[in-house]
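The next part holds the structures, each set out as structure tokens.
Two complexes come next, and they have one chain in common, chain A, joined by chain B in the first and chain C in the second.
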Partner chain A sequence: MKLTIERAALLKALGHVQSVVERRNTIPILSNVLLRGADGKLALSATDMDIEMISAVPAQGAKTGGTTVPAHTLYDITRKLPEGAQVLLELGSDKGQMTLRSGRSTFTLACLPAEDYPVMSGSDLAHNFTISAADLKRLIDRTRFAISTEETRYYLNGIYLHAAKSNDVNMLRAVATDGHRLARMELPLPDGAAGMPGVIVPRKAVGELRKLLDEFDQDVAVSLSDTKIRFAFGDSTVLTSKLIDGTFPDYDRVIPTGNDKVLEVECKSFAAAVDRVSTISSEKSRAVKLAIERNSLTLSATSPENGTASEEIEVRYSASPIEIGFNSRYLLDITEQIEGEGAKFVMADAASPTLVRDATDGSALYVLMPMRV
Partner chain B sequence: MSEDDFSVPEAEEAGEGTLALPLPRENPELIGHEAAEAAFLAAYNARRLPHAWLVAGPAGVGKASFAFRAARFLLAQQEAGGLLGDMAPPTALTIAPDHPAFRLVASGAHPDLLVVERGWDEKRKRLRSEIVVDDARATAAFLHLTPSQGAWRVVIVDGADDMNRNAANALLKVLEEPPKRAVLFLTSESPGRLLPTIRSRCRILYMNGLPQDTVVAAIRRYMPGFGADDAATLAQLAGGSIGRARSLAAQDGLAVQHGLFDLLGGLPKLPGESLHAFAEKLVRGEGSGFRLLADLLPRAVAATAMLGLGREPAASPSERVILARLAAHRSPAHWVELWRRIGQLFAAADGIELDRKAVVLDAFFALEDAVR
Partner chain C sequence: MAIRQLPAIVVNRIAAGEVVERPAAAVKELVENAIDAGARRIEVTLRDGGASLILVSDDGDGMDAVEVALAVERHCTSKLPDDDLLHIRTLGFRGEALPSIGAVSRLSIVSRKRGAADAFKVAVEGGSKSAVEPAALSQGTRVEVRDLFYATPARLKFLKSVRAERDAAVDAVERLAMAYPSIAFTVVGDEEKPLVRMTAAEPDLAGKSADDIRRARLGAILGRDFADNALAIDAVREGFRLTGFAGLPILNRATARDQYLFVNGRPVRDKLLAGAVRGAYQDVLARDRHPMVVLFLDGPEADIDVNVHPAKAEVRFRDAALVRGLIVGALRNALAAAGHRASTTVAEQALAAARPMVWTQGGAALALNPGFAEAAAPYQAPLAQSPPAARAVEAPAPAATAHPLGAACAQLHETYIVAQTADGLVIVDQHAAHERLVYERMKAEIAATGVKRQILLIPEVVELDPADAARLAARATELAELGLVLEAFGPGAVVVREVPALLGETDVKGLARDLADEVAELGGALSLKERLEEVCGTIACHGSVRAGRRLNQAEMNALLRQMEATPHSGQCNHGRPTYVALSRAEIEKLFGRR
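Coming up: the complex of A and B.
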């Protein structure tokens, strides 16, 4: 392998892949990045054995071949090279060392054989569809906050991505819940996604994917099977992840259908008021009480250590008065996701799950369990 | 390149004239244990593979080598249960060293294999003395993700005896609700000391010590520095364990054995100078020589008792002469009692930290007493 690459391109690609390489690794080869040269391209690939990230950059040089070198070292070297530099990578004949040359700098890096590096095969990914980066971003952002971190319920440690019917229209749905709240976002089902298995994308993969989405705005090619999911950005960057091997609970049963008390609030001012009042509520419970009467909402919080707080805001409400408590953190998480001006709370009573939606956009739906206050 | 702070020492240094044995994860062959292999294959071919195997046997006989071998075999299969029913059932667990599954397992980077062993303690810069609960919990986290390459996920708990109570309970949770397409291998030197609830959830495979000539052949192969006689003595001391033969070789076990029998041969006279020199040498450094004697000396006494009872112990001809002379001095019952006392003495040295040199001297004085 003998290739010349632009420093900026190499740095960008390394930036993508090195984030999955764990800094502390007891297995030497997993600290490395796999380099493979072919067809005027250099493909860089890194994995933590659960997620694999591949990033390809244009490179000049004919000889093909591959090796692995320490990822963070290569990243640091590239970072410190001057802007606009050309980088020459050359694999020694015994494959034990790779030489990196740029300007007057020369580095030799210890290599481990490419054959010892794990690669996630993508041949069996039977379901393929394309989704715009903006849509994928919305699917993630609207649901990600509700992912559980509790390891005993491991099947909740990700976003459940599946095809479902909503009012007889086929939809692609993302759902996440931690048992206290649930977030569901749906979009019209992309072509090719019909018949896809429901998959749970692990939290870490969601995080890495979201980072990539900040940099790319083209369409994303999604391929999946019941054991893996792959997101391809153009022909340069590919993220593949294992899935959570479990059954996502039948979440439809916790989405209330018979709630009749509708509260409409102006989202921003409501969130600001919740934030202010919650200053008083204790660190542990973070509870705020909502006392709702005709067209008026009183938010209040009490804590034996801190004192009390209350704030009244104007709302639209016409059902019978109700007092209900929520975790203020959860209320803020949800209102943060609502882009429209108004939010709609649909309640039954102080002990039953409450439905929250954007007043104008029906694609996202949130369920929130009340707190006893 | 500078030394990586987190690198874990692979194995203790081999002594001069010895080659390192291949690590279990990169060992392409298993010496002996055909029965264990056949039992595993039979279960696999019958599509009734138990989800957990307890590989039990003495140290260094190849328990981990077997576990890695079976793991590679499973990881190389593309279909769980085999959709291609008409394919001939496999007859061996062998996976060629250039097979991708072999290479990945050897490099420690197979995404569908998790090895649980004593972890590296970053604060103290050494291996922990036990498998802690976080190590065991990693098993659950690993098995809650889908496989990345083939059909199976494999966990090897190398040294299940090292698990502390919490780790054992964490692993028990996994054994109680095993996920599909997952197999666990636990290796154990003393399966009786594991939680009965763990034991009862595993299929137990006993791996006995290897025959003497197998061990001799392995010594000649991996440690070509030894002549035929030395290899035979080493194999005898190793009691059917290749791993033990290697660590004996690395600790200069033959020298300790020769020194021991020189002293035993001199009984009832115990030349003070050579006894002190011998004891001094043993307790120097890390004390591996001392632990070796703690094993070899009671063995010699036990062999004496056996001779007295008319049974034939494992010993070279010259050693047998010395032992027979000792046996003539006292009744077998007396030698058994002495064996017990010396064993206690050495145990006390570790337990209540007696001075090791004094322990060695004491043990020899007890022998001197017996033949006076």
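Coming up: the complex of A and C.
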């Protein structure tokens, strides 16, 4: 293998793949990035055995071949090369070393054989559809905050992606919950997604995918089976991830349907008030109490040590008065997701789940469980 | 093979397997007999750790010729006068010990009844009894066990080293000695010097109370540290009386070995004690450290079943919750009342660490006594070159020294506060002390407002075995107070509906399983409280004054006054002391003035 690549292109591709590589590994080859040169292209790929990221860049080279080199070292070298530089990668004759030349710099990197690098097979991905980057971004952003971090409930450590019917329209839904709150976002089902299995995309893959979405705004080709999911951006970058092997709880049951107390607030000022009032709570739980009467909401918090706080804001509310407590951090997490001006809280009582929606946009829905305060 | 009745000798050997499993068990049985016989002086002689000879002689009531003959027969005892197993006041009652020992060794008993003219002797060898014959003895009973287990070679092979067997035997005697300070005990081993020598003591007119005597006896057995750092306990609840001593938390051990419970004078090993002690000490000791306690529980015989274990090492209480409550309550009260008392052990260790120094011209310190200290000297930084690490403040106002923790004089290394008290000085670890204060304040806050609970959107179903599930569900109210709301869910599961908000997103299943185990093991739900306190402890640690922070005199004095007003301020959350007190006398000792 002997190739010449633009530094900028190499850096971008390495940037994508190196974040998959864990800093510390018990299997040495997992610290490496796989390089394969062929047909005027260099394909870089990295994996942690759960996620595989492949990124291809144009390269001029004569011979084909492949090897693996330490990912973080290669990334750091490339990052420190001057802008506009050309990088020459050459595999030694004994394949134990790769030489990198650029300008007057020469680096020799230790290699491990390319044949030993674990590769995820992606041939059996039966369901394929295309979704716009913007839509995928929204599915992730609206739900990601509610992913559980508690490892024992591993089946909640990701976003549940599945097809569902909403008012007789086929939808693609993303759901995440940590057992305290739940977020659900839906979009019209893309062509080809009908019949797809419900899958749980793990948190790390969600994070990597979200980073890629910041850079690409073309359509994303999604293919999946019940064990793997693949996101392809054009023909240059492909992210493949194993799925969480578990059953997502029957979340529909916890979404209340009979709630009748509707509270409408101006989202930004409500969030600011919650943030202000919660300052007084000394505990980690940061509880705030909402006392709601006709067209008025009083937020309050008490701490025996620090004192009390309360703030009244104007709202639209016409049902019978209610007092209800929430974890302020959970309230803020949800209000942050609401882009419209108004937020709508639909409640039943102080011990039942509360439904939160954007007043103008019905695609996202949040369920929040109260706290006893 | 046809069923037949086993001969008595085999029956006795089987019983011996349960009652006499090692020399220490024989020693225990024989010493108990002596105590039941009203002895004032008991002497034990051991050869080869008791394997070749155990000799127990006492000055008790003794036996006449007929009794001596009967004593070695199975199920013969003087201890159940009205055949009432519900009211057992003696240590023994089964009538099994002597025949069991006789079945596996060469046993001889010489006894002279109090006031009788003659002594009698009977011998049993491997189960066959000799005729009673006259013998010579001044008073009491002398039991000699030679070649224990010679008749059961298999058991003989299981004996541990001489030293281990001897230590176990001494342990058995000491255990009984704790409960009977009015009896003198001597144990002689292969060496000339007795292994144990404890004189009898009685409350006297000179003002020695029963408490002092007990404390002295416990000091002789558990070490002076314990006698000096134990809190006396005396509590009564519904017919049960708990006395004894609880060690200060700073006096802690790596195992629970030094926790003793005596029920009506009988040493027992009980899970109930372990659970109750852990519960009482839980927020003053790290989880892997164990306090030293010696507790004497006296209660109505009818409420305590002692007939549950062949070696009588366990008892059963009719109302275990009551006893547990009594122990936990009494220990907690004693600890809270002790407030900020620092252990003298710590002060003594500090004294031992202090060494006289001489100054050389270069300013380097040299130890007066050579040895290890000499080697260390070159590494000690010459103090003359470094800036003074201690900052003195103006002389304390005389009124302030009247407080128990005195008036702050200086801060050393921006970590330790030195205060002058009416009689001596106090050194306070500012971080440990403040951490405890913050922690106690948080605890009070939680107690005042209750634990806030996050309701679960998806209730967690935890599968347990049916008995565990029922036990947990039965304690639902208690758990709800701590913020965990659960209810039974079918026969083999509970459903958790609300969790303490303080724990955040937590492993509910693991928590419920731990709690179920603890309720079964220890009779209480400790780990929930422990987890809450762990969170509080972490917050307290971050929210308190660190080492390295410079404090002015007003701040230091304020800290001292708060410590005096706060319960448990003598140790940090992990059982380490927050301050050390040195009395004037101890300081004078350092300088050879005493």
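The working rule: the second predicted complex is superposed on the first by the 373 of 373 C-alpha atoms of A that agree within 3 Å, B and C clash if a C-alpha of one lies under 4 Å from a C-alpha of the other, contacts with A are read in each partner's own complex, and residues count from 1 in each chain.
Definition applied: contacts are C-beta pairs under 8 Å (C-beta built on N, C-alpha and C of every residue); 3 or more make two chains touch, one makes a residue touch a chain.
Note that this is a predicted model, so its numbers are computed, not measured.
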item: Contacts of A:Arg372 with chain B and chain C, given as first, second, both or neither; value: second
item: Touching partner for A:Pro202 - first (chain B), second (chain C), both, neither; value: first
item: Chain B versus chain C as contact partner of A:Met1, first or second or both or neither; value: neither
item: First, second, both or neither for A:Val254, with chain B first and chain C second; value: second
item: First (chain B), second (chain C), both or neither touched by A:Thr227; value: first
item: First (chain B), second (chain C), both or neither touched by A:Ala46; value: neither
item: First (chain B), second (chain C), both or neither touched by A:Glu305; value: second
item: First, second, both or neither for A:Tyr154, with chain B first and chain C second; value: first
item: Chain B/chain C common contact set on chain A; value: 151
item: For the chain A and chain B complex, residues of the former touching the latter; value: 24-31, 47, 49-50, 110, 112-113, 115-118, 120-121, 151, 154-155, 157, 202, 226-228, 242-246
item: Chain C to chain A touching residues, read off their complex; value: 441, 444-445, 448-449, 452-458, 460, 498, 501-502, 504-510, 535, 539
item: Chain C contact footprint on chain A (complex, rising order); value: 148-152, 177-182, 249, 251, 254, 282-285, 287, 302-305, 325, 327, 351, 353, 367-373
item: Chain B - residues contacting chain A, complex; value: 1, 4, 6-8, 100, 103-104, 106-111, 120, 137, 140-141, 143-149, 179-180
